[in-house]
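Before we start, here is the structure in question, set down as structure tokens.
So that you can tell them apart, the chains are marked A, B, C and D in the order they are listed, and the count of residues begins at 1 in each.
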Amino acid sequence: MWLVKIKVRLKKGVLDAQGKTTQQALLALGFHQVKEGRIGKLIELKLDGGSREEVEKEVRDMSQKLLANPVIEDFDYEIEAREE
Amino acid sequence: MWLVKIKVRLKKGVLDAQGKTTQQALLALGFHQVKEGRIGKLIELKLDGGSREEVEKEVRDMSQKLLANPVIEDFDYEIEAREE
Amino acid sequence: MKFGVVQFPGSNCDYDCYYAIKNILKAPVEMIWHKEKEHNLKGYDCIVLPGGFSYGDYLRVGAIARYSPIMTAVIDFALKGGLVLGICNGFQVLTEAKLLPGALIRNECLHFICRQQTIRVENIDTPFTKLYQKGQVLKIPIAHGEGCYYADEETISELENHHQILFRYCDARGEITREANPNGSLSNIAGICNRERNIVGLMPHPERAMEECLASLDGRLLFESIVIQLKQRQRRKFCPET
Amino acid sequence: MKFGVVQFPGSNCDYDCYYAIKNILKAPVEMIWHKEKEHNLKGYDCIVLPGGFSYGDYLRVGAIARYSPIMTAVIDFALKGGLVLGICNGFQVLTEAKLLPGALIRNECLHFICRQQTIRVENIDTPFTKLYQKGQVLKIPIAHGEGCYYADEETISELENHHQILFRYCDARGEITREANPNGSLSNIAGICNRERNIVGLMPHPERAMEECLASLDGRLLFESIVIQLKQRQRRKFCPET
């Protein structure tokens, strides 16, 4: 069993309205040190079987096809082996 | 300057409709190995000044107040020092 | 007697509420802009948090609206016993502000739901439901993507034990079934109140079920319950001996 | 001649489109359920992807709908030259399916916008806009939370160079200004087509601006343009010598 953590972030240059609003809300709450806020997705999948290399190939493939939109998003990932 | 990565996940037991739908979409796309899918948030903040301890205190505080809702979500975080 | 309807950026049922109170109830009502930090809500008797997509539902539904400047006054007003009604997004804001327990999460089904829904009146011992009958089945529209009520088991038991569940999703005959639950809410919960019974949140839109042309009048008694309650309060104020 | 309107789970403007085509255009139209994998869209001349919140907008708007079984047929139909119109969520699905360039992201302003909007017709050399006049200002409602058009600079230049920008947000006098831009779209883009001009996506809802009672008739010419195009095609088919 593999645990895969895929992090999907808006590309630099793409307006992150949610991140900006959250930063402003933090400032309004008195957290004046917050210089920037960005919000991405943390997608965690459990995958069956295969070698690490196979899993890695699958993860790239599903990220490019569905999990991230390359027009606006970048992704990276971590793969961990897990006991059942 | 500090870069803080806050990961907000739905608690175990809270229905993750988005994660489930995404898993089903991956299965429909032929990624049959996907046994579970969960979707959380990756909140990345840049913070000014302070010691690591101070930043950690701030981050806990803002997570509890705004970034995560303890009724349905858990959070953890990483703090990295960054050159300007 | 005066109602106040709070407007957040992204509120879109604010005028529905305003219209319902002013033109159908014929009760005094004013709009209150969310930025009014210094507002103490003096002179208001019931505050309505209307539906919509406040702040685009960023982060979590209701999360950012909860820290709007006006909310300090709303919390203060509520904790002093003022009547507060949160509808749809307003219910979400009330849970985020911890004025009501639990949270609203994404619908179990895949999508935003917008349709007529039957709900059953579970408790009438509140200023918001006194004119209904216990067990009465109402037809009230729902329109939400995040209306699945969630709380831990302990909280749900507490809600039950203190008769805080006011409305449950039901079928046309009033049966509380899994099929009649549109969004996966625990215990089919559609609306609750706090233990003091002056704060109510519900996902259905009673303000959209108050005229013949909208296919149901079942939302009317909710607002009329409030008006009667406020009139009684007023009378008590002027004739304290009664 | 036949229109088809695709229904995804969470589509909610499907009946608006169906009604507009059937009752106002008086053209043949059928609903197509998203699960119809084997559907080859034979007999259809124009496919409409309607607005709504397909699959609750999970992951990204349009992302999951894009992999619905019916989309294989839609892509095939589109690449063979069939007319495809994506409105609002349908536009988002078309970009996710890469039938149109770019992406739609969250509105720059904080919230879901629902209002009348003026847009300017930028190009009339398409089957969807031929009955308009270049520069004409239309009043068409918008209703979206994720309508901010984004593409990299190169793509925007290409869209310009190939006259693929069909509609831009403008003020009442037709000026393309920052203030008239409701959602932060690059170059005020409200609608585009592909290079072959048979696939169009736009955020405004022309199907909601086709009757007097809806305060604008400006959406009508879009659908009537399609009908005229299809009639011409049909004529050519039967009298190939003309």
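Annotations for the structure displayed:
Rule of thumb we're sticking to: a contact is a pair of C-beta atoms (placed from the backbone, for glycine too) under 8 Å apart; a residue touches a chain by one contact, two chains touch by 3 or more.
Since the model is a prediction, treat every value here as computed from it, not as a measurement.
Of the two interfaces, A-C and A-D, the higher number of touching C-beta pairs belongs to A-D. Averaging Cα coordinates per chain places subunit C and subunit D 37 Å apart. With centres defined as mean CA coordinates, subunit B is found 9 Å away from subunit A. With each centre defined as the average position of its C-alpha atoms, the distance from subunit A to subunit D rounds to 30 Å.
Shared interface positions of subunit C, i.e. residues touching 2 or more other chains, are given as 55-56, 58-59, 64, 67, 106-107, 109-110. Within subunit B, contacts with two or more other chains are made by residues 17-18, 21-22, 25, 29, 39, 41, 66-67.
Contacts between chains leave no pair untouched here, as each chain touches all the others. Taken in their complex, subunit D has these residues touching subunit C: 9-10, 12, 52-58, 106-107, 109-112, 114, 145. Listing the residues of subunit B that touch subunit C in their complex gives 10, 14-15, 17-18, 21, 41, 66-67, 69, 71-72.
Those residues of subunit C that touch subunit A in the shared complex are 55-56, 58-59, 64, 67.
Those residues of subunit C lying in contact with subunit B across their complex are 59-60, 63-64, 67, 95-96, 101-103, 105-110, 148, 150-152, 184.
Residues of subunit B touching subunit D in their complex: 17-18, 21-22, 25, 28-29, 39.
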